[in-house]
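Note that chain A is present in both complexes that follow, paired respectively with chain B and with chain C.
Entry: the complex of A and B
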């Protein structure tokens, strides 16, 4: 009886010492980062892609490579003695409350150094707020709502451009291409899904059109995941504007293209607000109907000359299980982890204050990333001020960068004359 | 005979109240045994849904009017409180009563046309009205349309009902809410209204022949149920810190509000609490455990659980407790 007791005690002591030791040892070996994305529901495909993108970047940091960009050599986080990045994923189900508790779980139970998210703006609001309360950085990888960095949060960092930048790029393109070809945009028709993303986008477009002296012939709002868009397609046909400007998620984007086709309407130009239109599933579903489609983007996969890291990173991404090329969203997600990794290196610590100071001091030149941006440098709200978007066009089965002209890889196919 | 039945009823009601006090004390002590913000947050949610579902139970359970549009009252409560807090700086403690009042009023107004329908038609009408409200909310600029309302953190204070990282205050706020809802249901069970409503639920014609005025009786149940749901909505808004039409007005929320009562035992005192105690942790934990693996496994687990419960315990989880539910049914007969 006595012997057993002693053995139990000894084992317990031994185990606890071991656990304590292991934990201390692990702290230098790996750095945990939480990722909250919609992994189920109607945005599940995007969440799964995000997972592959982040895992690709983690593999680049942790492995041994020779990719010509920041952290492209691998070998772990040099500033932390070669510590490896360990990603933890959580499904937000696109629900603000679930996203919030996932972030809280990561912070309080798993001890993550930062949280990355989250695709939709609604989930980004609650994640960024809870991160702010626990004083843990939230890296907004792919949320583009301009209101997010105006919440007055001190732990919010967004390397990607916002919708204001994106929409401005569209109108800059209209002005520049009008100047170049003489075919000026005189009217637009807006169609948007009515959640935050679509209605914000439509509001900005209407405002910027007015400022540019462009007439808005139709401004149509519809419920996301609607079963049919044929009435809306008819209204677009009746308006017959120079450019149709849709803001839709994947299933609606497919529906809209098919409905316009069924109505016998081929718009002279379509300028999409990214999202569903850039989703490979969209291209797969509409096929040749996508020819000539324009979209804003934060990423240009064919700008290989200016961003030599793209082919290697893209190959790794394809082999990570994604089985597709990097796109606007996945490239931004990947870059978000790169920015965080760089900050951890410079912070030389996983302490939250040191990490925030390092994030605030971030200054990465554009050619050290895969993005077509001038660079990454945060203003006092945590917004990157060097992230300039591009305009892409789907030409002969490929997305080509057509604007700004200095990084364009193809000339825009632009014929809007009646 | 009647006297003995009356005495039995009285003593049973006293027992229920005593049990209620014991459960309340246990729940108040629960956080002592649970560490970690995440698990405590989970209990906060379960208590909120226990309260919300009990509020739904007043109309859906006791009065038998199945509403699948309670998100409307939840949303009105949440938005009223959030708007008063963010735009007028009013404490959520004022906001939740303003919200409750508006929700109760709207439940009353919805009832005026809808209680002329009966059975399934009433349920369908509530779905439609709920969806219309969701559409209106996501297009109404005054309440930020689809943007939703972010409730900024104004500093840790009871007045603001905001706490930096502490979960405990919300535990007690939600506990008080759930306990109040339980108490209201308990009072209703023994009141004249309670008997009216159960009579209406069992047999409308018979109830009418006994002199129960059906229509006003249903309206009263709707108003109380709506107001109570609205207060829950206001609490949710303050707890989560963000509301938008999708999270405050959606049809799925209406189902989520009704589900604990249905699974736990519809029209019973303990059903909503039992249902919420099982469903909310399973829902949240399955997201946490399986959510990161592959899309949807957590939802399948959750769905399978509901199916198993519905098939094995059609009278609800309360029937686990030595046929007490059946006993009750006889008593109320």
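Entry: the complex of A and C
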């Protein structure tokens, strides 16, 4: 055995101390996080709101606050010596190719530690794949297509429920309310836009309807941002199902609602797959037509008793320039940054491997967030397994949580009897 | 599928087609006059819709009563665009067509960006109008009143455009189109004719914008949905032909509606493009084109 010289040992110790010292001296003051959202184009309204939501959470982390939730005290990222979160925004124009190059630029030129996005699932596909190639976490804030976490990606994390969870909640609601009121759903009509979001959603709805013994009387797909949806509305009227189940973005949600009204058709119940139907611009545009509308959601703004952080966070969001209340999308975007901030704190490093390990070890109790979820804990595909959705109903000008009954803040208005 | 349903869908398609036709008329007018494709046409539609919304919000004036006002506003905008931008591009001797494309395309990007800056990216809409939300019933056929009104106004616009071509000015327009250097010799001011041509084209799209604002959402991006259809209508009807724009608009509206009834609605534009392809193959200059 060779004897290790004393000098070699000393040099090695000295070097390692030196390295350690150098690293501490260059302690991060700022952690860059890239956010890719549609800031212009047909989904710009959603993207601009997302920007306000993320900025609100960054302000909560960086500033000094006393909000009763995880990271609610502020003061920067404690695990990184109080480093501040710095958000960089890129406009995807709701175009998968542009989204992809924006994410790539963030990683290769700006040196972001993670990317957050992106509203539409079609853009999330390209972003998540490019992040995977560069081994940078992609935090899917508000993409709901179930296929996203089944791409076999190692760097994909989604705190929010998927359309499987959301759709299951709708059918759970149908069963429970049918039991309660005796008015059981016997048929549905599905209408959806034909990109990843709408098609996946419709497929799930058709499958779950079949499993529940509910007839699908129509399954209509359309291209988003089409000038008219009046024929589609006519076909829904002809189908005359117990519940109409639309999956649409804002512009089409407005058109569809008006087209059904113009056709003299008032569905007995509408159960929306969130998205456009939860956008305040939609409510503003269709006004009283939205009364009684049901939608799945990941967020319930009126669940203040169970989630005491909501009022303070909502006030900060309103003052961030958004001038509106948090909704399902903005609450999820905000929470995505909270989850990432928590992981950075525990990783105590901006190293990608350490960050991924920390994200995988995430375990946040629901009451430490503003969401009505049981918590945040990822499975091996990066999907949160504790994110249970809620069903909301628009009643007298307000969204109220009506299901699950334990957290409901109002009774569902449910009359589908013929 | 009941006959009433088919009838209802067909009438709805024709009414929508009339609106497409008015948008296309403005485009084809400008093209026919000076061989410039106006890529800012969708942005002008958007501008007219925002103008209607803004006037409605500040004065409460019903969109229908705003028709002359917004049409005049857009006429002025069209003349200004010609004077400030297009007239200059006409003086370029090398690659002039390219410059014109980039100019109108750039103008479009500018206008859409400006709208987003000024009005934000939220979807706006006019909720309390005289026509909004009302329907007209003929037996089993129920038609939204705003769409019926827009169909009637669209027909009037075409009537006016056809009459215009028989006036002195219409003949000057026609002559300038044929040979603007020759008309300059007999004392016709080219810039004046072209400017008015742009004004009328923009006014047509302005009227379409007011009609649309009655029942459609308003966003910085709204023009794109209609611009594509307008380009197809112009190509289908024949570049420069007003009658062609009318017929093509009707064909597109009707085809779109009926296709959506028989196949999956996500494929409803296939019918339009099939007809378009057939026309390109057998009559490349369009139905009424003179090229």
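Rule of thumb we're sticking to: the second predicted complex is superposed on the first by the 391 of 418 C-alpha atoms of A that agree within 3 Å, B and C clash if a C-alpha of one lies under 4 Å from a C-alpha of the other, contacts with A are read in each partner's own complex, and residues count from 1 in each chain.
We adopt the following convention: contacts are C-beta pairs under 8 Å (C-beta built on N, C-alpha and C of every residue); 3 or more make two chains touch, one makes a residue touch a chain.
Keep in mind it's a predicted model, so treat the numbers as computed, not measured.
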Side-by-side fit of chain B and chain C on chain A, or clash: clash
First, second, both or neither for A:44, with chain B first and chain C second: both
Partner chain in contact with A:98 - chain B first, chain C second, else both or neither: first
Touched partner set for A:230, first chain B, second chain C, both or neither: second
Which of chain B and chain C A:222 touches, first, second, both or neither: second
Chain B versus chain C as contact partner of A:386, first or second or both or neither: neither
Partner chain in contact with A:52 - chain B first, chain C second, else both or neither: neither
First, second, both or neither for A:196, with chain B first and chain C second: first
Partner chain in contact with A:296 - chain B first, chain C second, else both or neither: neither
Selected from 45-53, 81-89, 99-107 or 117-125: the stretch of chain B that, after superposition, runs into chain C: 117-125
Overlap of the chain B and chain C footprints on chain A, listed as residue numbers: 39-41, 44, 47-48, 194, 221, 223
For the chain A and chain C complex, residues of the former touching the latter: 39-42, 44-45, 47-48, 194, 220-223, 225-232, 234-235, 238, 250-251, 254-255, 258, 261-264, 279-282, 284-285, 287
Complex contacts: residues of chain B adjacent to chain A: 36-38, 41-42, 45, 135, 138-139, 145-148, 150, 152-153, 164-165, 236, 240-244, 246-247, 284, 287-288, 291-292, 294-296, 298-299
Complex interface listing, chain C residues touching chain A: 1-2, 5, 8-9, 12-13, 16, 20, 112-113, 116, 120-125, 127, 133, 135, 137, 142-144, 147, 215-217, 219-221, 224-226, 229, 256-257, 260-261, 264-266, 268-269
Chain A residues within the chain B interface of the complex: 39-41, 44, 47-48, 88-91, 93, 95-98, 100-102, 104-105, 107-109, 122, 125-126, 129-130, 132-134, 147, 151-152, 194-196, 198-200, 221, 223
